[in-house]
Amino acid sequence: MEFHIERAKVLPKANLWDFLEGLRRVSPLIAPVRRGGRVAFSEINDISDVTIDYTRTVLPPKKFLVPYRRVRFTYSTEDLSFSSTFKARQQIIFGIHSCDLHGISILDSIYLKENPDPRYLDVRKKTVLIGISCMPDDFCFCLSTGTAFPDGANWDLFLTDIGADYFVSIGSPKGDELIIELKELFRDIEREDLELYKRSTKKKKEAFRNRKLPDLERISQLIELEYESPVWEEEARRCLSCGTCTNVCPTCFCYTSVDVPDFEGKTVKRVEFTTSCQYPYYSLVAGGHYFKPTRTARFRHRYYHKFVGYPYQIEKFGCVGCGRCSAECPAEISMVETLRRLRGEDEEELREAAEQTFTDRPF
Amino acid sequence: MRRELSINHLSRVEGHGAVNILFENERLKEIRLRFTEGPRFFEFITRERLYSEIPKIVSRICGICYVSHRLASAFAVEDAFGVKVPKTVELLRRLLVVGEFLESHALHLYFLALPDYMGYPGAIQMAKDYPNIVKRGFKIKEVGNRIMKLIGGKTVHGENILVGGFASVPQKESLERVGNDLRALIPELEATLSLFDSLDYPEFESDVPVSVSLDSRDVTEFSDLVVTSDGERFTRKEYELFVKEEVASYSTAKISRLNGKPFVIGPLARVNLKGGALHPAVREEMSLLKTKFPSKNSFYNNVARAVELLNAAYRGVEIVEELLESDLESFNASVEPVEGTGYGVKEAPRGTLYHRYSFSKDGHCTGANIITPTAQLQSAVEEDLKNLVESYSSVSDRELKKLAEMLVRAYDP
Amino acid sequence: MKKSLEKLLNKPLPIDPFKPVRAVITDVEELAPDHKKFTFSFLDEEASDSWSYIPGQFVMLTVPKAGEIPISICSSPTRKGFLELTVRKVGRKTKVLHQLKPGDLVAIRGPYGNGFPVGIMENHNVLIIAGGLGMAPLRSLVWYVLDRRHRFKEVYLLYGTRSYEYVLYKEELRRLREREDIKCLFCLDRFETPEDERWADREGLLTELIPEVDLEPTETYVAVCGPPVAYKFIGKELLKNGYPESQIFVSLERKMECGIGKCGHCQIGYKFACVDGPIFPLWDTKNLPEML
Amino acid sequence: MVKVGVMGLTGCSGCQCEILNCEDAINRLIGRVEFSYFPLAQDSNGFSDFDILFVEGSVSTELDREKLIEGRKRAKILVAVGTCSCYGGVQSQRNDEASLEEMLRAVYGEKRPEVRVFKPAPLSEVVEVDYELPGCPMDKKQFVYTVASLLNGVEPFFPKIPVCHECKLSENECLLLNGIPCQGPVSFSGCGAPCTAQGVGCQGCRGNCDFPNFEELLSIYDRLGLKGEDAVRFLKVFRGKTLPKLKERSVDEKGA
């Protein structure tokens, strides 16, 4: 029986390094690199630095779309002419996990839907996103947030590990071009590949079995209704307000801007830097009034924004279940745990909830 | 008839010093060098602190020679607990010292001392007319700073210099870069040496009886032994038996004497005592100098400093090469507190430095003593000043003041 | 790829919404201690012509060297060719702004925010309640309504502040009071000087003026702007007097960096003060946590 | 010409050295700025009027006090540089544990120096301070930014956010999660987190960030084996009296 699908290919694992080498010939390549105990997305000079097998990076690939510190404009104080030397470059980001791809589509909505930011759009147009499948660890809860798989999102290629090969889904014309460019490395898919591909989906879901996953059904309403719940204060008591949870989050976008003049007072740089709703100054206004005065208020705000604010603004949760905020929190506060406590779930109910999340998800 | 000369605020020295010269009936009656720097109670604030906090706290004794204080205190703690550090740690520490000497000596030579000899109030003003010379000073300092930042984490008070070693070590590529920086610096340092050799120093002969230095090849090596120009040798444990401190009511720094006599430490003392052990290339360079060592003219501390700078760079290159060949994986020793006392000595840029600490069995400091170069130099400098005033009794007050300032500065107390 | 995302990514690069246009200060008036009114006109004619706004909207004003601040527009869109902002000196950037003089350049972008729902207010009574600096955005509404007086029914202005010294737009308000087509009721926190007494109708708080308003509440739209603490009490009093909560609009302030929903600072509950506000119906204040 | 002074009180001169390490800035300032007082770097230090006066070190002697008060009188803007001048410095860490007499005895025995000395105090206890640039030593970049801002008549902007911010954005592993006591979550950032990048816990040399949660941090320390007084002393080294009394704080006091 003839079996032929153009929207997917198979990359034998042995060809992966040639594939990466090929990508690097096309444009600067960004990929996960292991350094000491951590993995970080970095620009690749030597393909052998790339790590395929990682669970999560400290910072999401967001930093290559929206740098944490950026100069928006330079202006002259004499005639107040604003100029920017910004120019997006072509880049390929390889090795992005499904949650982070979903994170990027959230950023897309934020930066591009209303008052689109030309700079982000420019970067986004010139960036190729190549995802790769992964297996969850104890912090991941992407199954609850509906982001465990890269269905219909905004990526160009997605590599799924099917044993000896990668099943390569093609998500965009840009992705297709890359495949054509390097076609000698790929082969067509066969029926068995598709079977293995389907099985890999199941395998990832299986990995979440017997795990505490938060149940996100009606979570928006729940957070509103439980606004005064003592859980917030109890959890916030441990919160250090260090901002790590938001700094590592693939969907957080808050920033502060300052104008920095030079010595001569001739030119001024307008610098934007990432900030966090967990910092008191974030909500400080004239008269020393804090709109989020207590640690509890700030702590709760993050959850509120992720699960109530984002859905209102962009019709998606602002959390993709990547687990970074919990894995990196110095006080070991866990998002899953907080949500679970908020819902008042006990162990038993929780397992049931986990089963349920297999079948239906809010988004 | 009384005549009093006073310099209330010595400029271009680190810290706060003042000099008072009193004549009675045309004869020198009294000379006082005072340090008016506020006390900072280091012997007190280290108490009850955990041993691991000590280097961090005493680092703040001096922002220029902090590496020396950190290392001397780490030596003392390691001595108390019987810790042996791995070879890598030793090498990295030595490289740190290279950085420290580059920074400190360049700061002193170009920014504190040189303006005197070029006729400027300071280096910032001098930069207008001699941009290249000042730039050279900056450049040497910069390399020193880069080394200290690379290994210690910060240019000043790097927190990575710990008891037992380091929390992390630089990558080999960075070390290679340091090696290249140092090699590129050598011509600049040779130029520095010939510049300071060529300056006109006042004629002067010091009669401070004894010079003291550690018994190491040069400052980039460590030693537990102290040697003096009298041929005396003693260990770091015996330091306080030989060097006695007393409180002078007029100064916040304490005054030290060796066997009851003033003694000198610092670059000139070191080069006089151990000059023969410097790097061969430096010795060769020295043989071409106008200045001859050993020298009794304290102003030649400046030339000695330039000699040490060049030597530091040569040694630095060697250390880097050794580091590149060694295994950078073992960079700290395990430290288990035991009850006891430990001693640490080290050659700081301005002279020998001594730290002693006692610990309880859980590693809390129960007593401390720190003898700084400044304290040890005080009586020697006073002695020198007396000598200077007597040999230049005929010059004007203004000139005498100037000479006195230059002399104190030469010690960089 | 999802259709929505595809659409977003395929758009051509828009003009930079962060880029301000240049304006020159034409006049500076000291209104009260630390309060100054600045008048601007745009350098670029095109910008000047295309500039239109709704009362209650704000602009992001670049104070050269210091940074950008959100400031409500206090002039009315019915009067063209210039723009007025009233600024209180509270910190880093406003301090620098207060040193600027006529002829100095600034840069402005906007207008931003939703503004008051002037369209649906038409053919109704309008009750304007201003506290302190809240008079600034409401001045825009006052002149808008007065310049299109025939479109509105009864108009009331309630204004309260600390003392006569702090009354903004003194001369203008004095003339307003003489007009027949707007009823003015003024109060001051405490009478301390004879001037205070001469100027105000009453000593006390704005809430005490509300019962004196002689309007059919269900036929009335209310616009409120003042210090955040006042809203709770004013809101309560208005509800007590029968004004429907969907017809009461308040203007809220938050810290703001961008004005266009990108910096996050101005979040009020799930809304952004900059794009979903700064004018909110009172109903929202019940449902948006930490609104007040 | 803008007149700038750099004054050192009781400290280690580390901050003044950092100023001298700003080669680029100094070169660019020549011609715009006159250093009319900078004893560490030059002679002829007229005590004239200053547009900006930077002061390093804590107030520890009568002379310090006099110099500072005189400096304040003559300075339009007074900037405290370094942790000593902002909070008192390491020398003040045991101010609350002993009397001056005990401290003196520990160092000098029974004799006393002639100069009158005090317990080391930050500048703000003696005069009004316009801006504070803490750090041991202060950060060069912040110094340059401050000078540039002040020359332009703008106040510098330093939100007191924690060191974790800069540490995380440099993609370091969290040291607390790796068993190393770190003060990042309670310390004022701006240094670029050089210590944590090297695997050394932040030592808190820049003092407190806004509303620090010391209690939780102490319980984390406790889990890591840094217990009781040792943990408090660890926090105290640079904070001195700015470390609040820990037991009395509760979570919902303002900003807590």
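Chains: A, B, C and D, in written order; residue numbering restarts at 1 for each.
Convention: a contact is a pair of C-beta atoms (placed from the backbone, for glycine too) under 8 Å apart; a residue touches a chain by one contact, two chains touch by 3 or more.
Just so we're clear, the structure is a prediction, and the values are computed from it rather than from any experiment.
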Central chain (by mean CA position): D
Rounded Å distance, subunit B centre to subunit C centre (Cα mean): 65
Distance between the centres, which are taken as Cα means, of subunit C and subunit A, whole angstrom: 38
Centroid distance [mean C-alpha coordinates] between subunit D and subunit C, Å: 42
Subunit B-subunit D separation of Cα centroids, rounded to whole Å: 25
Sequence positions of subunit C contacting 2 or more other chains: 65-67
Per-residue multi-chain contacts in subunit D, two or more chains: 152, 154, 157
Of all residues in subunit B, the ones touching two or more other chains: none
Each pair of chains that touches, named by its two labels: A-C, A-D, B-D, C-D
Of subunit D, residues touching subunit B in the complex: 8-18, 20-21, 23, 26-27, 30, 35, 38-45, 57-61, 63-64, 89-91, 93-94, 98, 102-104, 106-109, 111-115, 117-118, 120, 136-137, 180, 191, 194-195, 197-200, 203, 205, 229-230, 233-234, 237
Residues of subunit C touching subunit A in the complex: 1-2, 4-5, 8-9, 11, 13-20, 22, 62, 64-68, 88, 90-91, 105-107, 228, 253-255, 257-258, 260-265, 267-272, 275, 289-290
In the complex, subunit B residues that touch subunit D: 9-16, 36-45, 47-50, 53, 56-57, 60-64, 66, 107, 111-112, 115, 121-125, 127-128, 138, 141-142, 145, 149, 153-160, 162, 166-168, 246-252, 254
For the subunit A and subunit D complex, residues of the former touching the latter: 36-38, 40, 57-59, 68-69, 233, 236-244, 247-248, 256, 258-265, 274-276, 279-281, 290, 293-296, 328, 330-332
Interface residues, subunit A side, partner subunit C - complex: 72-73, 75, 77, 79-82, 84, 105, 108-119, 121-122, 124-125, 152-154, 171-172, 224, 227, 253-259, 261, 265, 268, 270, 272, 275, 277, 282-287, 289, 291-292, 297, 301, 304-305, 308-309, 311-313
